[in-house]
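Input: one structure, supplied below.
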Amino acid sequence: MSILLNTQTPVTDISIEALVNSEQRKADTHYRKSKRANTLATITLWSAAALTLAILVYILGFIIYKGFRSDNILETDYINYGTIESPLPWQSDDTIMIVNSDVRLKEINGDNLESLLKGKPSNWGNINEQDLDVIPYVLDTAEGNFGKKTIIKNDVESIAAAVENQVGAFGIIPAADADKIDGYKLNVIPVWSLGIGVSPTVLEIKDNKKMRFIDGDMLKDILRGNISNWQEIGGIDLPITLVIPPAGSYEYNAYLELAGISEDELPDTGISTGNPAEYIEQINKLDGGIGIIQITAAEANDMKTLKYQYRKTGRNIQMWFLFEEPKRAGRVGGVSSIIINTIYMVLLTVLFSTPIGIGAAVYLTEYAKQGRLVKIIRLGTETLAGIPSIIFGLFGFIVFVDYMNLGIGLLSGTLTLTLMILPTIVRTSEEAIKAVPRSFRAGSLALGAGKWQTIYKVVIPAAAPGILTGVILAVGRAVGETAALLFTMGFDYRRVENLNTSARVLSTHLYQLVKEGISFDRAFATATILIVIVLAVNVLSTKLVVRKY
Amino acid sequence: MINTDKKKRVMEKAIKNRARKEKSVEIVLLICALVSVISVLFISVFIFGEGLPLFKAVSVGDFLFGTDWAPSNEENPRYGILPFIVGSIYITLGALLLAVPIGIMTAVFMAEIADKRAVEVMRSVVQLLAGIPSVIYGFFGVIVISKLIRETFGGTGYSVLSGAIILAIMVLPTIINITEVTITSLPKSIKEGSLALGGTRWQTIFKVQLPAAKSGIIAGVVLAMGRALGETMAVLMVAGNAPIMPTGPLSKVRTLTMNIVTDMGYASGDHRTALFTTSIVLFLFILILNLSVNIIKGNPEEIA
Amino acid sequence: MQTKSRIHFSNMMKELNEQILKMGIYVEEAMKKAVAALRDQNIELAEEVIKEDDRINEFELELFDKVSILLATEQPVATDLRHLTGAIRIISDLERAGDYAVHIAKGAKRLAGETYITPLQQIPEAADMARQMLKDALTAFVNSDEELAREVASRDDVLDKLHKKLIKKMLKYMNKDSEAEIEQAANLMFLARYLERLGDHITNVCEWVIYSKTGKHPEL
Amino acid sequence: MQTKSRIHFSNMMKELNEQILKMGIYVEEAMKKAVAALRDQNIELAEEVIKEDDRINEFELELFDKVSILLATEQPVATDLRHLTGAIRIISDLERAGDYAVHIAKGAKRLAGETYITPLQQIPEAADMARQMLKDALTAFVNSDEELAREVASRDDVLDKLHKKLIKKMLKYMNKDSEAEIEQAANLMFLARYLERLGDHITNVCEWVIYSKTGKHPEL
Amino acid sequence: MNNSKLSVKDLDFYYGDFKALHNVSMEVEKNKVTALIGPSGCGKSTFLKTLNRMNDLVEGSKVHGTILYDGEDIYGKYDIIQLRKKVGMVFQAPNPFAMSIYDNIAYGPRIHGIKNRKVLDQIVEKSLFQAAIWDEVKDRLNKPALGLSGGQQQRLCIARVLAVEPDVILMDEPTSALDPVSTSRIEDLIDELKKDYTIIIVTHNMQQAGRISDSTAFFLHGYLEEMGQTETIFFNPSSKKTEDYISGRFG
Amino acid sequence: MNNSKLSVKDLDFYYGDFKALHNVSMEVEKNKVTALIGPSGCGKSTFLKTLNRMNDLVEGSKVHGTILYDGEDIYGKYDIIQLRKKVGMVFQAPNPFAMSIYDNIAYGPRIHGIKNRKVLDQIVEKSLFQAAIWDEVKDRLNKPALGLSGGQQQRLCIARVLAVEPDVILMDEPTSALDPVSTSRIEDLIDELKKDYTIIIVTHNMQQAGRISDSTAFFLHGYLEEMGQTETIFFNPSSKKTEDYISGRFG
């Protein structure tokens, strides 16, 4: 305005223009700055959210992946590589192993097979964590040091039939008779018998270094002659001396297959040998010598072997895991009884806590007059909600287990849990009931309904979805709880018999598996089940969309 | 006429029954409501009852400020829990340090930046994070975090840092939830008011919305603190559980909760009592935090 | 979004219209009686008209209050409002018309004893015409019939012509010597004048009808 | 709970009052001029009055619309409403008063060439009185002054007396033989009649003033 | 007065220490619509709620004076359930229960002991018909009532009240949450209902009071400032305060 | 039109697939109060929000057509921050920030870069004065704004808008949350403000539109049914629908 008024005085005009310009510039700078800050802030916020998302995806992804797919780095004396069919070490002919289809077995090494045939162990558990009796079958033509329980048959077909029908049975038959087992429902299991023989010099300790293991890629490179010094694969500074097995021998064929080369491509640096005895001697004698060899032969000749490291992947959690009882602290078997215990625990907890919780919520929202009592109850509920679960555990331990003499068991545990999740149910129910518009109550009362009638017929039905959501969330919490159960519910992994029996549930099971280092695969599987339950709880609770009034 | 008479009688009966029922229902409901209070009372009574007798044997000062935990030493058992208190505080503060900025920013993202679908995704993310049992976090910590620490910084990997990281993840949902709820429950008109004045989104969030949500956010952080302090299983599995004074982020540590769990299985006599005494300390810590949440939360309601 | 709403208001408006029609009928009756009194030199009839005018006056105030209360309680706008403000003017014109009937009745009383200097012809004729106009004008109002209103207003010209004719005639009589005749002529002149004014008022009613329909003030 | 609210409406009401006053002044002027024309036998002045009546008529319609729009947009109740409905009637009375001024002017034109049979005395006197009454009545309206309104209305009696006196006088002249005198007397009688009617309208205005103040229709 | 349905004498009402109503006396005529108007916090809603004792729900509330319903003191021995049945109430925001349309209407009769399905069917149809909503909902009686539009919900709520055969219907700003179209319908309905019922309506909408009520009571600061024929109140109120309020002016 | 402050041409507006505004064209005159009326959901609020692009906040919204502010297309290159500074907005419910009265007013100038305390002091005083609330709050500028009454809060919000020196003020039912007394005050204030500002106000209260506006636009089903002088709209509307709406009738 003033600019317009002052147009007749050019001097003022200029100075005002300058002033306006400088103001304009200042505003422009400020404006640009705030725009930049805006962009920066947006990026930061996006990143934070992305990080949160990433954390969850990683945790869930990692555990579920591992839960369904075991993927472990293992070390063994035996080479586990490709499809090599090996002869049984104590037999000259190629043989194969056939196994009853209920036995969960994918491969076996020579040692294990031998001990199975000897009848020690007599249970599959040690081999594949499956609680089954071992029933070995062999042909009468077979040679070997068999155990008492080993059953001898005189033809391949009868072995196949027996293996097919008897749970836990397996048999050894000549590879040449492989076509005879066609049509039987059984599994053929590859047997590993090869190891990596080295000269003792390879395993010496120098500069704090020692050759400890070798993996498939290293082995391949060595066999192809691509590596010339042990240093290159983590060993001491020592040239590799590759010893090539006698041409045409079993080891020779395995060599070619393991290296993935033809006879013509055998490395020039390799030292050829003529017969098995020479082969063994060369490996032992030469500095940095290495050669693949049957473990039994190596043992027989006091030859040092390198550990073979390989990655074992496979299915982890499978249907049977859910339906089999755990054995031997969960090392063996599934989690069926643990799931059942968990269900008992949840049902009992819901049974105890829901009526009390809803009742308390109804009292607080509908009956209580604003005053000291309500304040105390509310404070009590909030305090209860904030108490760490370990203190609940202690309390349950003294009161339910000790004082009330209920013992460590289902009842003590669920009572403890009941107290723990009570605030959750009270609070969500209270919210759900509060969310029912006051006008509903007024409407009902104005029609001449009584208070309880109003609550029972109008308020609670209207609040039901919200209350149910609360109960489900509480269930989620109960299922995952561990600390409170440590001293109250115990660790017995059998199915509970009565209310006083100690009972292991999924969470405590997982804790035991990890703490005792029993089996990480089992732990992952158990964790996956827990996570699936948590996911289900979440889906359920969000599906029950709370009604908007 | 007969019909109306009958109707009247039916109704009168209904009225009489109603009155009798009302009273008994109210009593039953009151009892339900009192369960929580009674529980808290019982918990206090028993915890204190079991824990306080320790002070016959050990002085309060020695207990709280003693740095030596050697209950099994038959000749001279020592019950100093200072390392555990310090450990708890270290781990809790560490967790908050990590979780608060991320949590608040994520919440702001959800409340203000994200579109409807992204919000839904993030909501379920947060809900899931909150739903994952602590024992799984612990397991994850053992397998992943400890390994990460071990491979990055050396050592065993079981440390204050591992515990803080895993706890940070665990309290993240608490902070996000409460912050987001507080921000979204601010009237939309406040945001519109700022935007309509020509404020940028950034200015609106940080000059208007976050200050308005301040007390809610603080309440959330304090609540998260309580969670972290009370958490047992996860830290138990990743923090190393050595009864020593933590010396740094990579040092092994034992918290109050861990101390209770670790020894409870076999402790007896004074040792067992000392564990209950430890739980008294924990209980008091939590009570103080809860009270402060109540005080902080009380404020915005008064204004609104 | 169809709803037959504001039933109450519609009913009130209908009632108001009916009452305005009724007031019109009163006025018309008064007119009729007054002219009859004049023609038949019937003093009683004339007095009846004079007495009944109070009723018309009261009726006007009653209707005025009714309109005001409708304005206060129903707060109408647009057409409804114009209908009501138009009604205020229309009832005022009706009341005035009633007054003219009284004037005529008074004239009739004054002339009752005399022998008419000339047979009354134009006056009853004009009165009949005015009455018909009044009826039609109110019908137009109630039905918001713009065309009818315009037509009624146009009839006023005929009334004016009749009036002029009568005045001329009377002035002739006034030139005579008879004092009585002069006075009678003057009286009759006044009466004719009243009828002419009445026509004007009816034209006014028509104007208000058109106004309340269109929102514009017509020049009829 | 004090607030000087509805400023806009108050302003509009004030404006309306001012305009009604202005209309009153127009009417008064017209009256004054018409009587002056009569007295001074000034044809031009008379014609001016006749011409200016259009303005008064237009003014009336303008004010009527203004009132209507206030009713439509401000939806007043109680006193405000009565003030507005009262205004509708008052402006109608003012317009009518304007018409009487025109009638007087027309009479003045007619009598312009003639020598007055008697010095004009009562007519200007009555006119002055009526003008003063008009002024006072409008002041009463604007100020919602009930007492003043009653007082003004009471003055109408004086006006009526003056009128009667004049009529008597004129009737005397009419008994004379001169045709011209008779006609003049008749004319003057009419003029006197107009003034009397004017007084009635002013009384009406007073009635509406009291009505808008009290909500009751007074009998003045 | 023989025509008086409710007769309030010297009513004082307290919320705790706060005196919300001062010495209110009022006669409510049978088969008339009585409107209660006044600025926020003037006590009009409070007064309304004393008439069916909905104010009993408020903690620390206290009543002095008498309210006679058909000559009986409702704060005396009169059964509160019976009272609320006889003196029904419609609220500001439509509040159908989260049930089907049918169950909403049948709710009242059911809690009063009527279980016969045929009787209930009849009551439901009659009530919905009376509330002028039967045609709109007859084909979806089993659909949730919350699916109806706001205006329909409010008429449903009126039907729900009618179903318990009341005598008096109290309405607490029944159209304040509705759009003009729905408001018109409710107003028409009220006009229709007054043939059979005595209606008392609180409204902050002065035009509404003008349109639909026979009597109007103006409350100010807890006092009944003026009561009379609606026409009088709107056209010629005797109190300056009333006039200032209805004409939108204060002070 | 030279006097036109905002000029809307052929405006279509979509919420996702729903077309909320159909081909709206309108000239808003400078220093006049323009009222937007119409039944709920008619698009009046939506239209208002297109004028300072507050609708950009709604996901999936889309605009066709042009809106010229002082001749420049606001949906073109016009900077949104500048636009909102120039075209201020007052909302339905008073929305003061949770800060002191002073900071509420100073917020706008501050975010636009003014830091000098003296300048801010001046702006705060001037704005509060203009919004006719200075006298009521001058002694408690540092008290929280949320402690004010509803009506005061709304005037504070108007002052807050004035502080950024806008040209046009949009008001979205600014009195619907207020009692009659406060409403009167805001209406008086609007009457005062139109000397310096161009005001566009959405109201569901027809009486209010009648009282305070110079022009009135009637929206129906997303169409601008009729626009004109308020007097004409209320006294002699040309559209039957407009008349039905303003006289409370439909169909």
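To keep things simple, chains are lettered A, B, C, D, E and F as they appear, and every chain counts its residues starting from 1.
Operating definition for what follows: a residue touches a chain if its C-beta (ideal position, glycine included) is under 8 Å from a C-beta of that chain, and two chains touch if they have at least 3 such contacts.
Each chain and its UniProt protein: A = Phosphate transport system permease protein PstA; B = Phosphate transport system permease protein; C, D = Phosphate-specific transport system accessory protein PhoU; E, F = Phosphate ABC transporter ATP-binding protein PstB.
Everything numeric here is computed off the predicted structure, so don't read it as measured data.
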item	value
Identity of the chain that, by mean CA position, is farthest from subunit C	A
Best-connected chain pair, where connection means C-beta pairs in contact	A-B
Angular offset of subunit E relative to subunit F [C-alpha, multiple of 5 degrees]	180
Chain closest to the middle, measuring from C-alpha centroids that were averaged per chain	F
Homomeric contact subunit C-subunit D: same or different residue positions, threshold half	same
CA centroid of subunit C to CA centroid of subunit F, Å	52
Distance between the centres, which are taken as Cα means, of subunit E and subunit C, whole angstrom	48
CA centroid of subunit B to CA centroid of subunit D, Å	89
Multi-partner residues of subunit B (at least 2 other chains)	18, 200, 203
Residues of subunit D touching at least two other chains	1, 3-6, 9, 65, 68, 72, 75, 77-78, 81-82
For subunit E, residues contacting two or more additional chains	39, 81-82, 111-112, 181, 184, 207, 210, 234-235, 248-250
Subunit E to subunit A touching residues, read off their complex	52, 54, 57, 59, 81-85, 88-89, 91-93, 95-99, 107-108, 111-112, 146, 157, 160-161, 164
Partner subunit A, residues of subunit B touching it in the complex	18-19, 21-22, 25-26, 28-43, 46-47, 50, 101-103, 105-106, 108-110, 112-114, 118, 121-122, 124-129, 131-140, 142-144, 169, 172, 176, 200-203, 205-206, 223, 226, 229-233, 237, 257, 260-261, 264-265, 275-276, 279, 282-283, 286-287, 289-290, 293-294
Sites on subunit C touched by subunit D in the complex	61, 64-65, 67-68, 71-72, 75, 77-78, 81-82, 85, 88-89, 92, 171, 174-175, 177, 179, 182-183, 186, 189, 217
Of all residues in subunit C, those that touch subunit E in their complex	1, 3-9, 65, 68-69, 72-75
Residue ranges of subunit A touching subunit F (in the complex, touch as defined)	26-27, 29-31, 34
